[in-house]
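Going in written order, the chains are labelled A, B, C, D and E, and every chain counts its residues from 1.
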Amino acid sequence: MTATALPDTDPPVTRSWYARNKLAITPWLFLIPAMIFFLIYVIAPIFQSIWISFYEWDGLGAAEWVGARNYVELMDDDRFYTSLWNNVLWLLLYMLAVPAGLFVALFLNQTVTGMRIYKSMFFFPFVISQVVVGLIFTWFYNPDFGVVGQVWQFFGATPPSILGDERYVTYGIIAAGLWPQIAYCMILYLTGLNNVAADQIEAGRLDGAKGWKMLWYVVLPQLKPATFIAVVVTVIGALRSFDMIAIMTQGGPYGSSNVLAYYMYETALSEYGYRMGYGSAIATVLFLIMLIYISYFLYRMYQDEKGAR
Amino acid sequence: ADLVINFDDPNPGPKKGFEDAVAKFKEANPDINVIVNINDREAHKTAIRNFLSADAPDVTTWYPGNRMAPFVDAGLFEPVTDLWEQEGFNETLAAIKPTMSRNGEIWGVPYSYYQWGIYYRKDIFDEMGISEPQTWDELLAASAKLKENGVTPFTIGTKFLWTAAGVFDYLNLRTNGYDVHNDLTAGKIKYTDPRIVDVFEKWKQLIEPGYFIENHATMSWQDAVAPFANGEAAMYVMGNFSVDAYLNAGLTMDQIDYFQFPEITPGLPRAEEAPADAFFIPSGAKNKEDARKFLAFVAQPDVQTEWNKTIGQLPVNSESEIGDNKFLREGFETVSTAAGLAQFYDRDAPAEMAKAGMEGFQEFMIKPERMDAILQRLDKIQERVYK
Amino acid sequence: MSGLTIRNAIKRYGEVQVMHGVDLDIADGEFCVFVGPSGCGKSTLLRMVAGLEETTEGKMAIGGRDVTHMDPADRGVAMVFQTYALYPHMTVKENMSFGLKMNGHPKEEIETKVAEASRILKLDEYLDRKPAALSGGQRQRVSIGRAIVRGPEVFLFDEPLSNLDAELRVEMRVEIARLHKEIGATMIYVTHDQVEAMTLADKIVVLRAGRIEQVGAPLELYRDPDNKFVAGFIGSPSMNFLNGTMNAGGLVDVPSLQTSLKLNVTPPPEGTAVTLGLRPEHLIVDPAGDTHRIDLTEALGGVSYDYLMSATGERIVVEERGDERAVEGATVGLTIDPDRAMLFDTKTETRIR
Amino acid sequence: MSGLTIRNAIKRYGEVQVMHGVDLDIADGEFCVFVGPSGCGKSTLLRMVAGLEETTEGKMAIGGRDVTHMDPADRGVAMVFQTYALYPHMTVKENMSFGLKMNGHPKEEIETKVAEASRILKLDEYLDRKPAALSGGQRQRVSIGRAIVRGPEVFLFDEPLSNLDAELRVEMRVEIARLHKEIGATMIYVTHDQVEAMTLADKIVVLRAGRIEQVGAPLELYRDPDNKFVAGFIGSPSMNFLNGTMNAGGLVDVPSLQTSLKLNVTPPPEGTAVTLGLRPEHLIVDPAGDTHRIDLTEALGGVSYDYLMSATGERIVVEERGDERAVEGATVGLTIDPDRAMLFDTKTETRIR
Amino acid sequence: MFPKPIEKSGVATQFAYKVFLPIALIIWLLPLLAIVATSVRPPSDINTGNVFGWPSSFQIIENYTAVFTQSEATTYFLNSFKITIPTVILSVSLACLSGYALAIYKFRAALPLFFIFVAGNFVPFQILMVPVRDLSVKTGLYDTVTGLVLFHAAFQTGFCTLFMRNFIKALPFDLIESARIEGVGEFKIFWYLVLPLVRPAIAALAVLIFTFIWNDFFWATVLTQGEASKPITAGVRALNGQFVNNWHLVSAASLLAAVPPVAMFFLMQRHFIAGLTLGAVK
């Protein structure tokens, strides 16, 4: 082919700067409002909190720089260790919501008439505020006129004071917290089960996998995304456990049901608190724990995104 | 001019008392436009930090003693020493003057206070032939007798901690006296001091035989009224504000009565718990002139008389009249003859110490065997808080 | 012996009946292909054989054993799915050994069987990969391997190649033919693809709306269909159908051809409406004629398709080969070999022989 | 005039270069089809023309205007996507008028244009339906309609029919051919389908790995490919390739045929390794010969494919027609028409003419 | 489908399943049922320990009206709506914009920015508490509905962006390209094309955020103090203090507080569940 020069009949059009850089600028125009909000209310405060944790400050007067002293004090604070240990308990026991949710989901994954209603009723607890759940269970556990008390008395036993006994209190609150959380995991699994590949189940049937074997070898691996999310939301739920404790015990009796989230609030903002620096130090520790999960989650997401491209 | 007042009790009685007083004040000062904000007490406790520094009202309620210390120290309250001079409060309000003072100035004007003591079921006592105990031994004997008859001697609800502090304060005041109370809350005495240990040992004498109701850690003070009302428990170490609750729970004036916390160390001058409620002027107030007018107004004898009749408490002004109910009369008798008035453990001690201390009391009431560990922990905290 | 016998099999979904009493015998080692339009029940019948669908009524026997109500795993069948249905979280090896493992076979036996299957299917290199890391063809091979390992009496394939691209499809088709030769098991194969059906089958079963239309060897169906449906279904491009009537002399009047034909059949009564069937590959364009106009020609290189329009408005497709091709727009005639024309009763659609 | 000129177009994604200096001229009103193996850059080139991908280097002009760095909207092109890309929340009419409306064309003008397009595509009945209520073919028609409405100089199609089933595909293919005739705009069409390419194109562009292998009319490419790649790519079944060497007399030695052939080409030097190309449809099985064994035959009715194995292990496919068919396992020979054989240089893969 | 459909098992199993299902439901909802029963009892039932038995009389109207007459419940409810509805509107709008930008445009900062939004969504509230409260006090937003709305909207932006971005990303990109070829501007593409198409996602998200915000307790505690701006969750806690020992009233108040999210759930069930699983699983 003869390499004739292109017939440039039209003079090159001069386009405005915006027109030329349209695709580079537009996304920022869309992003700016959200970014500003997020920066002011989420990103900046994280760093401010970390910064405050190096101060002694009662929220009124001038803040005093104390370096790492708040952290040193934290290392020697029994309440902190109680809270940390309770957080660990929360993390571990809250995880029960995942298998329990799966179990309920399996139980409900049928097409009997009225199943939709049953499913929604089972999901119900998740929609209710944790404040209400906390109140319900406070009453439920009441040894004198709560359900637990009545049941014990029916059997002629002295009802335990679940929320008043350091041995039971954390477990009692976690059990209350599990109630909505199981419902949440159940829904995740129900939708997961909906998407389980029918052909793999059939292949499994031909391969002779039955019951638990089918569940373990064929179904569960397919539910991995649901499980992953269930674990993530449960971990976050466990570490954020604030409402229930605030309502049910306020960390009591004598701090034995405290967790970091509530302890932080208590130190920083409650009637006897106003140690902003110390509270921030606790929050920072909590944040660091959460950061492990956040990083893991982002890593997973990064892998997915890479795969998608 | 506008006068903004923040008040801290939305419950019907107190609210009415306050509103009536405000109405009267308006009548007397038609040119002042009074604006009131009424908050829930717990909310008020957290909110005050913000509004004092950010958007100060002209008058606010708050509590004397150590509770006012942070704001006084941060310069957020206006001293009213001159007002006291001018209006002669140094005489009429003398009872509360010490706790209203700090750094050589006086910081507010109290409008009400109330006595603490032991409220009891007179009908049960009568039935079992028990009379009002005057000494520690009599108290123990009365308790033993109640227990034998299937009645728990004391009700209490420690979910919100301060109720336990009331018991502790009384045991301490009666065992060691007013000065030890003040020294302890001022951080001058360790918790492992033998005198304090002695208080706990006394307390043990009530705890170990089971003289307090079970499950008190899950109950608020109101919850704890129930066993008292239905006869499962017969005594309650409480403040006078609780009388309403007894009546609401179905008890009649005849069924309940009051006695002073019995003597423990013989001959010790008797000090009492008598927390006061007061008005303060924030230093950021815009209309300080009218604010002072209002403070002067609420200290007037007739105003305090009316107000305290409405809320069933004691007026601070010595020229006011006491409501004609047996509790108020007995209460007035109790506090006016006391050798010293304590505010309360959690008002006298710094907040952080108070919190830790009260948790310790609660823990002790449930696990008395941990006494040593608890006291050592309190020492540790004390060391840090008062440094 | 592991042939399959189906007797009067009926399938209902609630009220809807989708299989209407199917009778079928497949001999041991035979390669049987089910074809038919979408929704005719091919998959359903196959899945009834597999045991994945309940057989509502009727009997089913494999190798003489009545399997009608047996569990899928106990029937001695293996199935290869259109979607491969590989377990995505298992390696190729684990996928293939899963069935044996579930049934508690000893480890060494599993090893040998997997190795054997992997040899047959040339999968040795991929044994440790997960399905996601395989191409479509490789995945389908694994799913066949999974079937082989279990050593079933009957292999079932449900459109196994339809997710592959054209080239791979050809390759895998040959592979499956080879496999059948090598292991000689009975195979039942569902497909939409003419070529697959014609080339793989020992026996083709043509289904329509839950009923068997005809069973026979591929060329038998091509050459001697029982009815218009089968005739139209087998062969590509499809057979041309022209309306006609029997006239007095046993001749067929075909208006669109502007002629009458004498076919080698037992003529039905005079006046019967008949349909004449002509395969595109059996027609020759006659440039000298003038019965048709050439609407469109498509030259594909080796062959061309001519779309002819008759005066009656009936369309005819002619497959042309060789280098001389018809020109669009030209007026032409058609040369017909009456021996290759077929006749159908227009009403009943059955073949008139 | 609205032809397309591409000069030395280069496309890089980061480090990876996917188009290697493409030069192409498409005349005004021409129907140009891009074919090539998957990943060769067909879509990329089309999208570069559309302006959806930046052209890294080189120039591109439509109707004489340099459009290399223009916004897609300003190039005067319209594109029809494989996925139709209809706006699901708009009716057919709104879909077609959306672009004009957004660019502020007056209402009446839009009305007329949509009416016109809808007439051409016979969409009048469906104007008020949403895409979800349309069949695949109708959707594709709407997406073409959307392109027509804008009255572009160049239409771009990226595998527009590959989501349709076989029958519809044929129908829509004819439709597109008709459309091209009717509006006569320049069209560029990407496809995988041999038949589409052969039947629709005025000009086929064969791409391989980001380079143009050959440009020409369909039958030109079929009959006279420039190289082995094009020869193998065009035509189905693919051309057979046999190894050979030039011997002294200008003859080609073909071991698998056990003979030497004299082809009508300028013979390369003696000893050159050459590849002989033979189309399956140009071979005839000779039952009398004994050079090959018939491995497998596939009878499709009208045609059969015979898979022949030579002594050298090279495979040959022969397309057979007519009724006499070869038998599997038999030993046969091949009859070759040297005029139809092609010769390629084995090393460079270029055609030797 | 797993487990095996119950219709395919024996009659006995089917029967057992159908019988057990309601029993399981009752056990599951026992705490709730108990509190419903309590909320209609007269106080005397509670004092006499009649927890399971039939209420000695039904005080539905008395108890529920008492909640409103004896407390500021009306204000609390109004506040909850005043907080929740603007928050939903604001955060969803912001997220539509940012989600669109992150899903459609390929620029280097897209992924890091997206990850920051996602990470922010998981941050424990406590680390934000002190500075956010401080900021609110300084700007006069403390103890105002506006303050809560702004914060909630900002915080939820993380989750909403994650949600919208993934949803928009799943739209066929062809649609956008097609519109670009047609000369439709970027904002018009967003407005006329993307917004209508993500309506289901917006609905799902709105329902979800509504429940989240309605049920928020922590920030209500941290950022409000008075009756004037307290939402119902914090209100219920306050009522709990006020109605001590009046469990019938506390129960009634609690149930009332749960009504709007529950109603939301039942009315918008499809969207709600889609929201949960979309937002989470994708």
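Definition applied: contacts are C-beta pairs under 8 Å (C-beta built on N, C-alpha and C of every residue); 3 or more make two chains touch, one makes a residue touch a chain.
To keep track of the chains, here are their UniProt names: A, E = ABC transporter permease; C, D = Sugar ABC transporter ATP-binding protein.
Source: prediction; values computed, not measured.
Student: Rounded to the nearest 5 degrees, what angle rotates chain C onto chain D on CA?
Tutor: Best-fit rotation on C-alpha atoms: 175 degrees.
Student: With contacts counted as defined, which of the two, B-E or A-E, has more C-beta pairs across the interface?
Tutor: By number of C-beta pairs in contact, A-E is the larger.
Student: What's the distance between the Cα centroids of chain B and chain C, rounded to whole Å?
Tutor: Distance between chain centres: 94 Å.
Student: What whole-number Å value describes the gap between the mean CA coordinates of chain C and chain D?
Tutor: Here the centre of chain D sits 28 Å away from the centre of chain C.
Student: For chain A (ABC transporter permease) versus chain B, what separation do you get between their C-alpha means, in angstrom?
Tutor: For chain A (ABC transporter permease) versus chain B, the centre distance works out to 41 Å.
Student: If you average the Cα atoms of chain A (ABC transporter permease) and of chain C to get two centres, how far apart are those centres in Å?
Tutor: Spacing between the chain centres: roughly 55 Å.
Student: Send over the residues of chain B in touch with two or more other chains.
Tutor: Residues 42, 46, 53, 226 of chain B each touch two or more of the other chains.
Student: Which residues of chain A (ABC transporter permease) are in contact with two or more other chains?
Tutor: Correct list: 22, 59, 218, 269.
Student: Give the residues of chain D touching no fewer than two other chains, as numbers and ranges.
Tutor: In chain D, residues 71 touch at least two other chains, as defined above.
Student: If we count contacts the way the header does, which residues on chain B are in touch with chain A (ABC transporter permease) in the complex?
Tutor: 42, 45-46, 49, 52-53, 70-71, 73-74, 76, 158-161, 214-218, 226, 346, 351-352, 354-355, 359-360, 362-363, 366, 377, 384
Student: Could you pull out which chain B residues touch chain E (ABC transporter permease) in their complex?
Tutor: Residues in contact with chain E (ABC transporter permease): 10-11, 37-40, 42-44, 46-47, 50, 53-55, 220, 222-223, 225-226, 230, 249.
Student: For the complex, give me every residue of chain C touching chain D.
Tutor: Chain C reaches chain D through residues 165-166, 174, 177, 194-195, 198-199, 218-219, 222, 234-236, 279-282, 296, 298-303, 319, 321.
Student: Write out the stretch or stretches of chain E (ABC transporter permease) touching chain D in their complex.
Tutor: Spelled out, the residues of chain E (ABC transporter permease) in touch with chain D are 172, 174-175, 177-185, 188, 192-193, 196-197.
Student: In their shared complex, at which residues does chain C touch chain A (ABC transporter permease)?
Tutor: Those in contact with chain A (ABC transporter permease) are residues 50-52, 71-74, 77-79, 81, 83, 85-90, 98-99, 102-103, 146, 150.
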